[in-house]
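In what comes next, chain A is part of two complexes: it sits with chain B in the first one and with chain C in the second one.
Moving on to the complex of A and B:
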């Protein structure tokens, strides 16, 4: 009997091993896209998007064998039980008022937020370790993220991927920003290594440090989420989007000439698509061609597509790089028929600016102006992370719109965590204040939000005490109404679109 | 300009950034005041952009602290520290430490608020080459007492170390004299070079350095003139792919240790053996300690001669003071 059992065990093992060997590798694909959009202000917005979708269960073991998906990242998200991950490393400031909305908005410096799976036990500890691991992956000081600068906002964030239950539990969310984090070549290098073709072939060859960090605004992004594999959503896939947003100032780069080309922007032509890519497209937004300065594209675009979003129509010239049969270097150039002409600038639905007022150590104040470009009132969710050295007086909060004071609908998440952080700071004083409330119906005149604070003194050994201070940007968001001028392409038209943008001082 | 040197050294010897731990306190390349963003040049003629597209900085900005530096060397790191921020040396590792920044008699400045003092330095190594380019640099190796350290300093106690030349485009002295001549020497070294450490120690005579270069050889058991420069800087190893299996027999603990401590020429022996084994590339660390001074840097490099054999795992490596 024992012998029989042994034989049986051998057969089972054999079957099991042969199953492992012959099992069909899970399906995955990789798309690379570049959007070039001349902005009314004369700037050029370049947005790269590299998407890897992998039909696999979002489990730790799935990431042991990767094909197109970067294993280095897969191991981290698997090990730390991550459900969804968003990282951005940004230099410069996105000017919402003149540039409209970017495809992906990002806070200045480093920004990281993650949803953990519900099985995660010690989220604060896991969050800290996740940030540490990512700091090694991207050469950024994300290891400075800890409980002192992390939030679990209740309203501002929703999971962007599929979730098991419709009600998002913000206790599984952690969000942090490092506003003074610099972004340079050492971040771009490891970021490029996560791409299937690295920077050796395809659109990523255009990403050269010297032509990225000379821009007015540059932002690296990494967005991981679970998505539905099919319409019925019976199975899950993992989607990784790597993005780069760049804004080139043609006044500086063009030497008075408004003409631009891939070679002029990125310093190099395109040698072809990444062989591993299923799709390799370049889109050029030609909408402004009709209203603003007229430009001619060379070579002539093989296709023009029209995208309608919220009553606003955009036109894109599409170049399929895989179909182009490139021999040598490929370039797309835009030649303007007249000298510099600026387009009409329609400010976006909601934008914000902020400034500091007051004088002396004890009479600080911070004013945030929320501009509503929409024809009716908007509900705004507003998130702000105030550092410990700006102890706030929350009773001084005053929101004025059209000369009338308005009350926030909900004022939430007032958490004092001062006791747990920075033992070098000042006892008895509020070291950190998080406010997160749902207020404001701004009208055409900007709603003004005023808060008073003290200015705490830094000790000489505090990090950055000899520099200027850096305060996190605010993060207002609103439900985008249907009939508005939301001009971000690459996202399909929807009834209403939840919109966020991030502003710094 | 710490990046400059490690980057060049890595270029010269085919090291990848995974073998260098680079610590840079300042963001020089992407600083808004840099007229050529994302570039750092090795000299005023802008011959080589040393901040190339493959640069990876492991510790930067306010991560460059004395605490992190000591934690890196001792391996006592917080949980979750990624491998790129760990030294991971063992008793077979040849380590090169290169430090530069503002210093004085017995200290090297880190950031604007702390100093590094040498006697709190511990790590695992087989042989160490310690280079320091700062004022009164020799004061920083005087207290060494551990074996197998070869140390060189750009100036003796009481002397200043001077910089080489200014780049008028940015108004900053971009390289120090000792480092300039050391690099000049290393640039002409090939991976199969027969140049020796003895030659390298004499690269900057007083007539060009202006300061007196200090050398400490008493802890080092070999004659520097008989040590190939590639023992510390060299990294390219021929790899032979073979389909036939390699017979590896575990050595006993005593045999292993006796080789480690008694062999006078262990490196070449390790190297010979490594030629048969899958290539195990050297590992370099590099750090730039001070901030706000573009003429400041620190670099640590280390080279691993560890034997990737199974018996290594069973032996507890002693913690050797550096």
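Moving on to the complex of A and C:
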């Protein structure tokens, strides 16, 4: 023991003589935001966004020394050479027709897509290992993702972060969904552990599993991408966005009237902002106050901002949690003047419906209806991921618009293996069918797409003839804001906007 | 899960029916043949053809195709590893002013160490030029002299006349591979220093014994602390700040790591590779309640005490945040806990009720890492004007503790007290060369023993269960491991410590790779009794008439031979 202290003393003496400089480590920032938006159908849309921006170059060694950025995720991202990563775990279906567009759209179940760096070798193997590591991180069964149910879509996805060259090579992209995946507390807890304040302080204390999962739609998201540090884009930063999207049904939660409050939605008030956060805001969308059900906010909002986007004007009441002097629990409540009022529903520009037609167990068809509410025609890129046990007949594809049949501009269909569609010597091999095309869409009437398939060739142990079949959602996407926080795009308006939404049946 | 050939059971019924029908036909025709006076030669040849196809060709073919693919392993060589000679040869040179004294020292030391089972020490006298010792002003001059042994594993015992002017001790161990001793030192004192500080024979013996007979012997203290042998280690440095709104830490952790840890890691690079990572944890509490103790000094005349027994409970809430999802290397965790001013100063109390000496509140968890409790200075805490308070931790103090803990965790042993013997203080380097040598020695023995035990248990397993597939990769690993073990033992004997260590590491890794290969788990073919149960109903109905017809064939041929000889006689 004495020898240890002697050694230690010697080391201390030696070190003291050499160390004299202090330098500033890389800076990182953390912001937290909450958006509450009453929807015309009587639902409440709650959207949390936790953003960590780290001013560091996107290298493997950068993630060895983390501060606010979660080290567990940084190690995975660095080790597997990931350029951009998007994960979402969703329960429920987003009703675009009645609810409008969410901030981040997500397909039901688990959805994972990643852009790998140009220097990555053997992308399929890395993709499988990445899915395995993420399934351990988030306690989700993402390990079922492998090359048999992953795609490399060419037109649908574009990198949302900085890229080295404008032409994105889709062979570095991998996309997979697991529509059967269930989201629960088991996923919420490790997701919350990735936050710097770890559900102990700030807006993340509102994420209580009992209330979060008592919703019509709940979705956890993790989005990582490189961004520009400044306007001139001379240096890179790493941005991580953790999002929670919730849609509450006030008929279930309310006691007969439409009043809502933070305590009612989340079970607990807010005790303060996260001390590590630079910005901590709550936005309440008060646009419907003029047109639909009128409500009064209590306490009165300190600031109201107006945002014009795509021709629509929205008003937001902003509460800056850091500036508030909170004593005890802070609660925002909305009191409605009448008991139950439903607003007039204006469907959004593009929304989709899917349904199955046909009768009997032998064959059937899938119809996808795309509704265009815009005043001019829209181009649509359509992506569909069909599992191997649903044999589709591509020659029966019929696209009707305005009563006339139209032909797609580009139809790309790929089968991973060389087998024909009707074969069922599977033994573990899967096939996918992907269609990308660009029809010119006229407006007013919905366009229909019809595809026929066989039902009788399902193998018993794979799906069961009376078992519900899970087919992945489709991805119609019809142009991207550069800012990280929710607040900045509110005050800008641009001509075109890239939008992607996911539908399932 | 046993995987069976698909065709077997599905075609079993059909085959049996066909074979049964066929055997019936054969019997009918056999009866007809017996009734007829003459047996047609063609029929006999047809029977012979059946015998040839089924028994001569078919049976060996079936045996070969239902065989399990097994690469032949060197079972005898692996069994012979039990008697492997792993004594370490070492050349120790002694240099004295007086040759007679030198020879006597050599003879005495040879005598003392001839009973050593693990070492084969060869002492010999070395004569140095007088000029080196004449104009020496400090021991550091001697350290930089050219006669210092450079080969890994060697030692030099150097008599320095007038050692008393530098130190009061009789024996002083240098930073490289030299031990300086004064003119009054006896061989016994020298052997004591060699035995307990430099050679560490007891530690070696206990390490090997603990591995070969774990129920009888346990590791010694330094062995219990030492991280298990691996090719690469992860080092994770964590700063825990439970209340960042009250206390803000300004600390450039990556820079501190680079300045302090990198030199030691570089010196330890022959042993293993290291990856250093760091993170900050907020809002993580100790989960234990320290006791309030009033005293005269400290901030506000009180401090908080953490008893030694509750220290293990501090590690548990931290474990959640320390795991890595990508790396499988053993991880050394170093944690700095900075309590806020309201809970400071926090001190550790030993079991006897006294505070830890030396002003450093830190503790080590064997094979896991170490935790330092770094209290913010009283100056910062008494300054109530600024909120949150800003504090820059004392990097030197914290990193010094981490370095000392890291040395212990890697297996660099603590030195016991020997009277009138000491070591030179570390100034320019963090690790003495002889310390690295003794670490290499103990790791070599550990890795060799582990490789030998793994190979022996693997060979026992594979020879007992005859239908585990041994593929080429596993076979290569086993051969490589056996070769490396034998080569390492030979190199150890002749004193090539660094090459022996590399070979022993290669042997250890190959043996582990072979043992934990997932292909060994797949029992692809089913056990013998099931194999026979599948094939006997298939072949037996065919074989019975064929075997019975052998009798007829033999009778016919012998009849022909007899008739031919009869004809000849006639």
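By our rule, the second predicted complex is superposed on the first by the 434 of 505 C-alpha atoms of A that agree within 3 Å, B and C clash if a C-alpha of one lies under 4 Å from a C-alpha of the other, contacts with A are read in each partner's own complex, and residues count from 1 in each chain.
As a working rule, a residue touches a chain if its C-beta (ideal position, glycine included) is under 8 Å from a C-beta of that chain, and two chains touch if they have at least 3 such contacts.
A quick note: this is a predicted structure, and the numbers were derived from the prediction, not measured.
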| item | value |
| --- | --- |
| First, second, both or neither for A:163, with chain B first and chain C second | neither |
| Touched partner set for A:184, first chain B, second chain C, both or neither | first |
| Touching partner for A:246 - first (chain B), second (chain C), both, neither | neither |
| More chain A residues in contact - chain B or chain C | C |
| Partner chain in contact with A:137 - chain B first, chain C second, else both or neither | both |
| Touching both chain B and chain C, residues of chain A | 133, 136-137 |
| Residue ranges of chain A in contact with chain B within the complex | 91, 128-130, 132-133, 135-137, 139, 141, 143-144, 181-186, 188-190, 199, 208-210, 212-214, 460-461, 463-464, 466 |
| List of chain C residues in touch with chain A within their complex | 244-245, 252-255, 257, 259-260, 275-280, 282-283, 320-321, 323-327, 357-358, 360, 388, 392, 395-397, 399-401, 403-404, 407-408, 414-417, 425-428, 430 |
| Residue ranges of chain A in contact with chain C within the complex | 1-8, 10-16, 18-19, 21-25, 64-68, 71-72, 75-76, 79-80, 133, 136-137, 193, 196-198, 200-201, 275-276 |
| Contact footprint of chain A on chain B as seen in their complex | 17, 27, 29-30, 36-39, 49, 51-58, 60-63, 78-85, 112-114 |
